[in-house]
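Residue numbering begins at 1 within each chain, and the chains themselves are lettered A, B, C and D in the order written.
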Amino acid sequence: MDLGTIFDYTLIYSTIRASTPILFATLAAVITQQGDILNIGVEGIMLVSAFSAVLISYLTSNWLLGIAVAMIVGVIMAMIMAVASIKYNADITAIGMAINMLALAVTKFGIKQFLGTTGSFTDPKIAGIPRLHFGFLEKYKYLNGIFNNWSLMEVIGILMVLALTFVLYHTVWGLRLRSVGRLPMAAETAGINVKSIKYQIMAISGLLGGLAGAHLSIGYSKMFIENMTNGRGFMGVAAMFFGGANPVLAWIGSLLFGLIDSIGGRLQAYGWPSQFVLMLPYIITILVLSVSLWRSAKRREKMKSSLLQK
Amino acid sequence: GCSSQSSQPADSSKEETSGDNAAGSKKLRVALVYSGFLGDKSFNDSAHAGAMRAVNDFGIELKELESKEPAEWESNVVAMASEGYDLVVCVSTQFQDILAKHAPEFPDIKFALIDGVTKGDNIVSTTFAQNEGSFLAGAAAAMFTTKTQVPNVNADKVIGWVGGMDIPVLHDFFVGYEQGAKYIDPDIKILQSFAGTFNDPLKGKELTLAQYSQGADIVMNVASGTGMGVLEAAKEADKYAIGVDMNQDDVYPGHILTSMVKRVDNATYLVIESVVKGTYKGNTTEYLDINKGGVSLTDMSVMKEALGDKFPQDIPEKIAELEEKVKSGEIKVNAYEGFGRK
Amino acid sequence: MDEYIIEMIDITKSFGDVKAIQNGQFNLRKGEIHSLIGENGAGKSTMMKILYGIHQKDSGIIKIRGEEVRELTPRVAIQYGIGMVHQEFMLVGDLTVLENIILGFEPRKGIVIDFDAAEKEIKKYINTYGMDIQPNKKINQISVGEAQRVEIIKTLYRGAEIIIFDEPTSVLTPQETVKFFEILNNMKADGKSIIFISHKLNEVMEISDRITVMRQGKYVNTVNKSDTNKNELAKMMIGREIFLNIEKKESNPGKKILEVNDLWTSGEKELSKIRGISFDVKAGEIVGIAGVDGNGQSELVEALTGLRKVERGKITVDNVNVTNLSPLQIREAGVAHIAEDRNTRGLNLKMNVAENLVALKYDKEPLAQGIVQNRKSIESFAKQLISTFDIRPNNPWALAGSLSGGNAQKVVIAREIDADAKLLIAAQPTRGVDIGATEYIRSKINKVKEEGKAVLLISADLEEVLSLSDRIIVMYEGKIMGILNAEEANEENVGILMMGGETEVSL
Amino acid sequence: MEQTNKYLNLLLTILLSTIIGGLIMLFLGHNPIEAYIQLLRGAFVGKLNFGTTLQKFVPLLLTSVAFLVASRVGVFNVGVDGELYLGAIAAAWVGFTFTSVPGPILILMCLAIAVIVGAAWAYIPGSLKAYLGVNEICVTILMNYVATYITSYLVNGPLSAKTGVPQTPTIAEGAQLTKILKPSQANTGLFIALAIVAIIYWILQNTTIGYRFKSVGLNPMHAEYVGINPKKTIINSMLLSGAVGGLAGAIEVLGVYGYFLDGFSSGVGFDGMLVVLMVKGDMKMVPFVAFFIAALKAGALGMERYTGLPKSIVDTIIAIFIIFATMENLFSFYKKKRIKTVQASVSERD
């Protein structure tokens, strides 16, 4: 086995590329988790948005419009969840799973109804989200390989991580959101409208889920295939847990997925049984989650220890 | 035990004939049962195309049932048989056991199995020598990867292969592909990946890009929906791919060297035709190998047009030569366990 | 009367079938301290939560500065200059003191929070009222007293002119209470109007200008402090005269049942880690542990009952080493435990009374044969305890969560006393229970002692500790400040020890 | 009073989703009445159709109960699918390996191994949850992927029938459960499932095990305090949950397929979870709702066959139904009225 062709510089960009579809889902889960809502419906939001993005981009040949509509559709889906869970007290997990199911069904007959085909749809008329190409980088092999030709969405993804961090920890709204997620009574008594904030984060989650979907269908690829999210929303939720709902840590979680995925793809080529390579990201995530919790439990215990005091 | 259902075929046929103004004679009723969904631009779509040709040519009545769930495959087959369809075509190897189990329960119904073999007086099986077609694809890929005059082709002797689910029939493809490549150049390195699913184009794309980054210039897909991602990766990375099942050459012209066509459409058309013409004979197996035109490579004309004079003309020439050798038996292509001539 | 800045007239409020308030009346003059008193569940908190907009009244009129306000939410209340320091602090543990204070009223530079401006503003209050806090610490890391100061600054920061304190002193030491009253008087001098909720009559008599009494959701009366006295107030609160001091028989301690030797544990907070304490409890005596909440009492109880890991040291029960055994093993060694928090530990509110009562014996004969539960025996067992301990309603299938605080506590007491253990650990046995039930529970605990069992009583209520115990251990910051015999202990010297001070009588 | 409201709610929910589904069909240019008739026919009329309903009911019932068992201790076992797969392949392995064992014993062996494997698999998320506090929803979702890949590896490698289809060899004739309602695939697994469910209900309701589950599920702090070990209880319930999940897989193999087929069951575990969430933990309702969903799914097949309406419409209706069913006070108009009248009478008295 030639390790050089597995761990070379192209792995850096391929990690970014493979992690971005998960990253948006991760952030969609992070923002709601900050308000104590486990948004397991990201998967479905993504799927419907991916479909809308392709549909609009195909009909108008305008990728911006595609993204915009994907985001609107994402918000609509999220609002269904929000109304059901906030106004009508529905179990958020149940609603999330129902939304996922709804998304699968709706897109299935959506393809047939609006695109006149089944299963999958691709067409040259679909306008894709552009890539950022810098001519001056071409001279340098490594810089070119790592930084050139990023998809616009990959850049936006990272900007989103920074933006979310900023919003959560430096703005008024972020402070209020964090208090809502941790002790809603405190927020309520500070005159903060807890429900309104919960609706807001669900809406933002819908926007991010919409971006996630749009990236999937007109950014990362230019097609729509039934169930093309294929668990990426769930992976996003896992990455969110990994990062304890902190945007930067959760981003690292999704990068980890991307990295393992990329390495896995390369390892397979050397004859590893495909199934074992394919299950690696899942196993490693479980391991990392367990180890990090085990360690933090230990650390907390140590910190709490009375023997170390005085 | 299907007597209790006798009323059903009657009334549904009534509905359908009422909408049918054609000649008084009853239309032949054909059902196609898939083990997945249409729209894969490969295996299933190909069968669908064949069936549609039969609809055009013979005016048959066609019912298609798609499903991904094995439990539903079985009940779909049984339901179609109970409904009294004249011919039930099962489009996938996966129906082998289901047919073996249920065909005897419906002795008056004709069954056909595409891409698999099941014995039975009312079953016609068709299989393909995908290994032979893949042999040619492998040879073409092996030659192509060193043609540095073609843009973005490096001198490295590395080619790729991306499969959908890791199931036996895909290995039959791979065995041929590998043998073909090694036939051209024993030193060639072949990267093999499975996406683990037939409908995750993103995964297919990622795997393909990984293979490109490991030096492959051309990657064959045998991956149904996942394969869409393989082809897209070729276009995006400005590299090359090989299509499968149907002629995928013009999906991204100039990036798909050729396609290994499996004439599922022909197989479907032929079995319907045999029933129309009354030549259907149960308990037979049609082995559609390269000799019978069951598998073949496309003529690379799309690629030729795209590359112009950079197109390596020696490839189609060599492939034509190899094709003859395979046909004549001079080259014997290996098959994966459970496949090949029986 | 237009001099009132708050008028609440004919307020009613129900929670489902519970009529929390039926005829609520309350008013407040500018610049006065007006106490609201009543037994547990009298509706004090509910009245004030309605005023602060947390609960919506079912009917009635609320006027603020003479103006009728129909739609009250916390935000509206804050705009009217009302602030509330809640019975349970409304502080977000993960956030800093500063963040908690400015929450909802953040000074900003553009969309960014201006933390510097906030800190400057807060310094003003710290200086004016002499309230010491550390703005950049997380709430998790500060003491209860400090948390209360944070709550007060929070209301001041929001511009409150009318401040409601819901049982503010229940978590404070006598000395801290003195300091707290100073702050209250400062605020009054500053022109703030204050509502003070309590059921401690001493405090009420000390601080108030006027006093309103509620009983069982109904308004009883409003009196000037100068026109009343403690006895009259007590009668109004309870509707009868009551004497809490139970007769304490001369104790007759037997052999040591519980021995604790150099015990160390971790703690929820820095101050509540147990750091090397030793003591014992003998058969036939009640040892009381006094101390301000959060000085390690909870941790001690948890360590003794197997709910918290012991890091060093040894615990024996009747000469059996139970250090770090499981709660079940410790119970089997002869320990019963009245948990300090009936809602989370002591009871399973979502199970019925019978299920709660059998929790210690559900898998023993005759309540179960093998793994099969015997519904009939469970019912008769529960009914018997219900009648012995006078639990109301006497329906074994009622949900524990539907019981009033006092009756819920009786379920816990019944179960633990029925366990008939050598050692009863009673943590805050009467917390949040009304006077009638308190009297009953204390007499039951005393009876356990008289039966020759060992009792360890932990209570934040100094009066309770003093009136029941034979010996009193005072804890401060996870250590024992002193162990006093009942005769030599009084509110003053125990109070000083509770503050970490020195006193001559300490042994 | 409360009870009737709940059932009334469910009926109203069904009605509402049916109407919405009908509107969607109208919008898509189909006749909803016709479609619903075909749906009912597809679910109930004729041996094939009714049999298909029963065949779908069995695994759904078992996965619902598997999820229910874990949910009693407050654990969200989304991993029933994984347990089902591993149980299924283990049962298949025993079934085709020990062919000389007499039928009934072989069946028991198959069920036993599936139970063990399913339980062992569920032990992982259970113990991670109990001892490390790792979120079980996250872990079980991830473990489902792992389980699918493991079975996929086995069925394409060591346990492959080598026929070109990714499946194991067929299990011994004697181990196959008898089909009822031929030509449908309904089988005597139905009775095994019903018996198992009855036993589990009995355990949950009448035994000390059930008491412990309930106690831990409703308040683990209290349970710990009275001497029940919440960690062990969580793990035990996950073991039981996994066992039932594994059993569901075994019954599918022994009853429906006769072998393990790669990817044979998509998402029954999820469906089971949804059933439980819909009834909000009311155990008695689980079988009925599971049957209802199974009938809808089977009916959808029929509807697609007879009308050409895509099955996805029924999936849409089911999803809408779930969304409404999980809402709490959706149909509270009559409740509100009640409270208002109570208040009115109160103020009258005062």
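Please note the rule applied: contacts are C-beta pairs under 8 Å (C-beta built on N, C-alpha and C of every residue); 3 or more make two chains touch, one makes a residue touch a chain.
These numbers were taken from a predicted model, which means no experiment stands behind them.
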Could you tell me which chains make contact with chain B and chain D both?
-> A
If we define chain centres by averaging CA atoms, which chain lands farthest from chain D? Would you check?
-> C
Using the average of all C-alpha atoms in each chain as its centre, how far is it in Å between chain A and chain D?
-> 29
State, to the nearest whole Å, the distance from the C-alpha centre of chain A to the C-alpha centre of chain B.
-> 35
Take the average of all CA coordinates in chain C, do the same for chain D, and state the distance between these two points in whole angstrom.
-> 45
Here the gap between chain B and chain C, centre to centre from mean Cα coordinates and rounded to Å, is 75
Set of chain D residues in contact with two or more other chains | 149, 152-153, 156
Touching two or more other chains - residue numbers and ranges from chain A = 273, 275, 278
Per-residue multi-chain contacts in chain B, two or more chains = 166, 196
Could you run through all the chain pairs that touch each other?
-> A-B, A-C, A-D, B-D, C-D
Okay, in this complex, where on chain A does chain D touch?
-> 38, 40, 80, 84, 88-91, 93-95, 97-99, 101-102, 104-106, 108-109, 112-113, 231, 234, 237-238, 241, 273, 275-276, 278-279, 282-283, 285-286, 289-290, 293-294, 297
Write out the stretch or stretches of chain D touching chain A in their complex.
-> 28, 76, 128, 132-135, 137-139, 141-143, 145-146, 149-150, 152-153, 156-157, 270, 273-274, 277-278, 280, 310, 312-313, 315-316, 318-320, 322-323, 326-330
Write out the stretch or stretches of chain B touching chain A in their complex.
-> 36-41, 44, 66, 160, 163, 166, 191-197, 199-203, 205-207, 209-211, 213-215, 225, 228-229, 232, 251
Would you mind writing out the residues of chain D in touch with chain C in their complex?
-> 206-211, 214-215, 218-219, 221-229, 343, 346-347, 350
The answer for chain C against chain A in the complex is residues 52, 54, 73-78, 84, 86, 90-95, 99-100, 102-106, 108, 111-113, 158, 264-267, 270, 273-275, 311-312, 478
